[in-house]
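Shared chain: subunit A. Partners: subunit B in the first complex, subunit C in the second.
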Partner chain A sequence: MELETDVLVIGGGMAGLAAACSAADAGASVIVVRKGHGATADSSGAIDIAGYLPGGNTPFQSGREGLRAITGLFPYHPYSVLGQESTETGSQFEKALERVEHSVNMLKKWLSGTPAETIGSLERNISAVTVLGTSKPTSLLQKTMLPPDWDDDSILLFEGFAGNPDFNAVLAAKTFMAERARVGEPPKKIADSELTLSPFGKPYNVSPVEIARHLDHPGGTAFLADSLSKDVERTGATHIALPPILGLKTPAENRRILEDRLDVQVFELLSFPPSVPGLRLLRSLDNTLAGLDVRILEAHEAMNYEQSGNRIVRVQCKTHHRSLDILPDSVILASGKFIGGGITGSENGLSERLFGLPVVSEDWTSTDGIRPQRLTRPISINSRGHALFACGVAVDMHLRPLDGSGNTFAENLFSAGSVLAGYNYPVEKSGLGVALATGVFAGTNAAHALQEE
Partner chain B sequence: MTKTDYDVIVIGGGSTGTAVARDCAMRGLSTLLLERDDIASATVGTCAGMISSGLKYMEEPDIVDMCSAEVVHFNHIARHIIAKDPILTPMLEMSDLSTGGNFAEEYSKRAAERDVPPVLFLTPEDSLEIEPMLNPEIIASMYFEEFFIDPFRLCLLQALDAQRHGADVKTYTEVTDILLEKGAVRGVKVFDRTTGETSEFISSTIVNATGPWAHKIAALAEAPLELRLNKGAHVILDRRVVNVGIVTKAVDGRMIYLFPHENTVLLGTTALDTWEDPDTLTASHDEIEYLIKSMEWVVPSIRDARIIRTMEGVRPLIATWKVPEDDVTRGYEIVDHKTDGVAGLFSFTGGKLVMCRHMAEAVTDLVCEKLGIESECRTDKEPLPGNEDDVDVLALAEEYGISQHTVERMRARRGTETRDILALTRDHPSWKSTICTCEPVIEAEVRYSLRNEFPQTINDLRRRLRVGTGPCQGTFCTYKVAAILAEEKELDSSVANLELLNYLAERWKGKRPSMRGQQLAQEEVVQGLYACVANLDRVVVNYEPGPWEEDA
Partner chain C sequence: MSEEEAYEFVKGTLEEEGIVPFHDDELETVKSIENCINCGLCINHCPVVASVGLDRFSGPRSIAVQLTRSPPEYWATADTIYLCTGCGTCREVCPKNVDIPEIVNIVRARIFKTRRDLVPKGLFGVHETLTDYRTAFEPWDDVEEKEASRDMRIERLGLKFVPDRIKDEADVLFYPGCQAEERAQEVREAGKMILEHFGINYTLLEEFNCCGLPARLMGDDETARSLAADLRRKVKALGVSQVVTTCAGCTSSLNDIARRDEWGVPVYHMVEYLVHEVGLDGVRSALKARSDGVLKVTVHDPCHLIRHTSRQTMQDALALLDAVPGVEIVPSGVSDSCCGGGGLVAYHAKDVASAVTQENVGGITHTEAERVVTPCPLCTAQIEASLFRDGSSIEVDDLSVFIAQRLVME
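Entry: the complex of A and B
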């Protein structure tokens, strides 16, 4: 079978979906092929733009400040590439800022009214609270996850669920409190408790996704409110921190029910996988795309391609029951890094899976033949990170991947997201931000390339 | 007041030291076992756990006899932590056959006492039927059976049983000096690694069971001791590449093996002389490739599997020089340092896991003789904890509504204790929750271990429960275990988070040398959880790099 399309997007995580949205917004016909869930589904509910410099310990006050530092220091960072078009010195930052700001606005629009409705800005980083009770700087959060304001009289209750070992309220509360005391900021009083909710049948191996589904059922949230009321009374809580379980469909509404009934402020913590907020984000973007008439072909893997002259003319995709050839005018590679499957590595070195593009490291030096271990440090969790996670493909100023000699690999191939080299998202806290901004830019570029023909 | 005087002090909590402490305690000696880290934290924890009939030392019939008898004893005292695996030795060319003859004869002679069949020679067709993943070009294979014991549980059970018989067991207690008086030992000086305090324990008899550190302990008493230290690597793969054990010739003609273990396989091992501090060692790229390349000839699909980790251990061999490692005796020696002018100090060199009970009996005989005590060894007769009775896995699974697989895995660690652990869930139904999905391990077992088996760290819990040893290597259970540990031991949050980082570091030690393929995605998830989301790369804790992280 063959399908024609203006833009083919390979990969359906944040980068691919953002690219598809913006290409469709620009009027192109778009098909997305998605092999499976990548890193986006695992993400915690925060959209990080820039939290730290690698190795640095002072968080950026804002995404804007982060962009300024990064574009000034790292010419190969995707944010710097976004600013490259501008030739005047010093204005790279402004161009990059403009593009990132634009993509943040687009995202807010796409997610407006969805379960993943997002707030925040590039003007101020938020200190988000995680299921471990630690905090991290981020720029945007799903609305239900924004920590409320508290003062010295506030009492914050960390509430866990019996049989859900993903979240331990006792340790989370202790960790959060210790950090607050260290920086000398409210809240000053903290409590923890554990709820046993019988409607799930079994009081063990309760997954956050199960609880979330339950809350989406009529009466589910009201029941939770009743169960919580004793703990609120007992502890005098004014605020409640929950693991992210407030529903996959109507989290904002569910939160409102809790707040109204209990007369407290409620928020969700950033989660680990299986991540309810990650699913909300992915589903909401999928729905937005459906509204733009974009087709997402699930469980389709791009396996091969054909090139004619300097253009990709055909991409062969496979599911378990059929194979499908897509004939695109432009292609966007948004296949992710190791989790997504865009990049892989053996004892003989790293490679990009589909086009065999050369994989480069942070500063775009070749990683040819370097075995992965050599791109890591002896200490697993360290603030400088491992070079391994900054490896990916190198691109020109339009986000078109480069071949081994530094030339554009194909004039109609663009790329976005964590398949790109030059940024170390786990330590920078810039994962979804880079995916979003490069996705939007690649989508626009791919759509513009059509009009130029 | 804490007791400071003992009949005997045993240094080292590996297979040897715990066996010695058990024997001494069972014979009524007041016994102190000192271990600088945790029980089974060193060499024994890196071994394959094969209680071998003597595959590698057929040239030493006495030792083969001894090992064969020890297998019988272990099957009597610890059958709940033992499994029997079939093994094939596929041969690709005639020269591979040359190794077969003597082995088959020696093995078969002693097969009946161990309740296994004699060696069988199989055609290629029969071999492939037993193990379809073999290279179809094999010309023949030998079939035999060997027993495997859980080395961590064995050591822990020996230590717990020693305690039951009145011994004191102190982990995280490092011997820093040996006190001498008039040509004899008087006691030891120790450093408590948890509190940072030093103290002394008094005894006129000391057993040095410190494996590859034995020469260092002897040196504290100014007694000479020589060992030939020889390191070996294992590679663990994420799936059952084969369903029977494989033994084959490596690139240099040595024998190597591939043993299935639960959902994983264990590939080993190398043998390289070493002078490094064992604490700093990690597997090298050469060792990993040596093993994979060698096994690839007979199991061609081996590279398709994901390497989940590597481990490196150091064999404390008897000092025999100018011969290949393979030709060094697999026996052990007990050195009585009286001849060196240090009466009351006994050191082990050589030995193996399979011999630990035998080694203990021999040294305890010497200790009793010295102390003028007449007492018979019973370590081969009395069962270790958990082996008292059979356990009905199916009935328990049904009674508690827990999967049979989960209960069977617990039984293989616990024997009869399985019942006590499951009984905890009557008052705490939520403790049926799975904490480590790979293995699997439920919360009740974590709590039980914390209350009864003196673990201090998540890594200690790994040795007792196997949490974090499966394909995800602790990615998804480390933070859950840290929370339970913190709750049970009432730890400060900074201590708990440090614990979490320490365990991730320990797992990384084994994963890093072999990073490739799907493991890269697994590692991105680890970074995603603990750095990207939890921000633990920035939390303020006093992280101290491990000895293997020195070049950080």
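Entry: the complex of A and C
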């Protein structure tokens, strides 16, 4: 079977969905093929733009500050590529900032009114609290995850759920208290407690998504409020930190019920993947795409392609027992890195799976023939990170991948997200931000390329 | 000792230790476990976990990692592994392509072979029927009664009787599947009507046998392989160039075994056959509205079609429904949610199967649909029973029956 489309997006994570949204916004017909749910669904749901400079220990105060530093120091970082149009004026920062700001605004619009409605800006990084009690800088958070303001009189209660192995309230409270004391900032009183909420009758092996679904049921959140009230009374809590379980469908409403009934402020912590907010984010973006008449072909894996001259003219996809050929005018490669499967490693080095594009390391040298272990450092957790995570494909200023000799691989092939080289998202805390901004830019470029024809 | 003898000797020792070697065709699945990054994304999507909780059914991830246990220990999973409905949602969302539904079958096969005492008792009835009669449902004692039941169904649904066609040199083998052979006979009749209507040179099997899916799902690998071999022999003897079935489970199972055993013959579900082989235009001109007014219809996507064959099959089904005059399709939002009827779960844990269907019932009853249509006789039965229990008046039709009812008769 064959399908024709203006823009084909390969990959359905943040980069692919942002690309699809912006291409559809620009009037193109769009098909997204998605093999499985990749790193975005598997994330904490926080959208980081820029948290640290590689090697640095002090977080950026804002996404803007991060962009300025990154574009100033790394001329081939994906953020710098976004700013390349203004190279004549000497700085990539202004244009990059404009593009990232634009994509943040687009994302907020797409997520407005969804369960993943997002808050934050490039002007100030948010210090989000994790289930370990640690803090991390991020730019955008889902509204229910924003830590509220607190003062010296505030009492913060970390509330865990019996049988939920993903969150230990005692440990989180301890860690958070130590950190607060170190920086000398409120809240000064921190408590912890555990309540029993057994959606299926037994207080063990309770997964976060079970609790989230339970809270979406009528009466579910009210019951939680009743259970919480004893702990609030006992501790005098003014703020409650919950693991991210406030529902898949109506988290804002569920939080409001808790706050109204308990007269406290409630927020969700960032958790390990796969998280409820990650699922909310992916589902909300999927729904936005459906509203834009974009077709998402689930469980379709792009396997092969045909090139005619300097253009990709056909992409062959397979499903479990069938195949499908897509005839696109433009293609956006947003297939992810190691989790998404866009780039795979073997003893013969790293390779881009679909087009066989050359994969480069953080110093822009080829990874061909290099065992992936060689791209890691001996100390597993260090502020410089591992080169392995900065590997990817090199691109031109329109985000079109380059071939082995540095020429554009195909004039209608664009790329976005973690398949790109040159940014080390685990240490930079820039993962979903780069995915979003390059996604929007690639989508716009792909749609723009159609109009030129 | 020759190499062959040595191999047999080693196999003998393994047997004493309760170890069952993997078949060559299972190795790809076994290897896929190596890719599991233990992320647990699958747990968030598993319909059984959503319905009965992680404590009752430990979820796809735990199943995936079971295979990394030392082999004789598989039995430790017996209380949960038989609760998997085999819907395939976990494989679909898995970022690393771990073939969890097949791992379930492989583990069940080991339990069935080495610790049969742990196999749910409710499955032995089907097991006996399969080994005694080579079909999943016990054949009727009295052929006349079977025909009377068939005629009653035909009359109630307004179908036309078409005599069975068993002939040499046919192009197409029509394979209705066990359910349509012995229980939902209307689906078998509808299939014949449709093929007859479009002048297809088809045949039925002279002696029907099950494709082996139920045997594979309970872990009886030997029976599954022997049934598959029988079927292959019959298909080869007929020399047909295509196989068409009206059952979703058969579609995926036949595609699996046809690929594994190299049949060299494509297997289609009726919806695919109508859209791609007969052609949508031809089908459209052969259909009429059944009554005045518009019938609001919602669909259910059988797991064995969308996840074990291809999501494209439901695009075909929707295109077919769209071609029927007087039908309006209403989305339910839960069409691709497992109906709970799979994996033989309903045979021994009815409460789990029913809990899984509740998601469908909730979604369907919230629409304005007057009818549910699905291209699978098993889903039809499961959803029909659940809607009935829920007090809903919405009826469920198999898609082949729905189409056959609307064929223009001379």
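A few remarks follow.
The rule we apply is simple: the second predicted complex is superposed on the first by the 449 of 453 C-alpha atoms of A that agree within 3 Å, B and C clash if a C-alpha of one lies under 4 Å from a C-alpha of the other, contacts with A are read in each partner's own complex, and residues count from 1 in each chain.
As a convention for this text, contacts are C-beta pairs under 8 Å (C-beta built on N, C-alpha and C of every residue); 3 or more make two chains touch, one makes a residue touch a chain.
These numbers come from a predicted model, not from an experiment.
When both complexes are overlaid on subunit A, subunit B and subunit C end up clashing with each other.
Once the two structures are superposed, subunit B and subunit C can be ranked by residues of subunit A touched, with B on top.
When the two complexes are overlaid on their common chain A, residue A:170 makes contact with subunit B while staying clear of subunit C. Of the two partner chains placed around the shared chain by superposition, subunit B and subunit C are both touched by A:204. When both complexes are overlaid on chain A, the residue A:365 reaches neither subunit B nor subunit C. Using the contact criterion defined above for the overlaid structures, shared-chain residue A:35 touches subunit C, although it does not reach subunit B. By the document's definition of touching, both partners, subunit B and subunit C, reach A:339. Contacts of subunit A with subunit B, set against its contacts with subunit C after fitting on chain A, overlap at residues 39, 42, 163, 202, 204-206, 273, 339, 341. Across the complex, subunit B is touched by residues 39, 42-44, 46, 48, 52, 57, 59, 130-136, 162-166, 168, 170-171, 174-175, 177-178, 182, 196, 202-206, 270-273, 337-339, 341, 343-347, 371-373, 376-383, 385-386, 388-389, 425-427, 429, 431 of subunit A. The touching residues of subunit A, when paired with subunit C in their complex, are 1, 35-39, 41-42, 163, 199-202, 204-207, 209-210, 213, 273-274, 276, 279, 297-300, 319-322, 324, 339-341. Residues 37, 39-41, 43-45, 49-50, 52-56, 58-59, 88, 92-97, 252, 255-256, 259, 276, 306-313 of subunit C are the ones that touch subunit A when the two sit in their complex. Note for the complex: subunit B touches subunit A at residues 285, 289, 401, 429-435, 443, 476, 479-480, 482-484, 486-487, 492-494, 496-497, 501, 504-505, 507-508, 512-517, 520-521, 523-540, 543, 545, 548-552.
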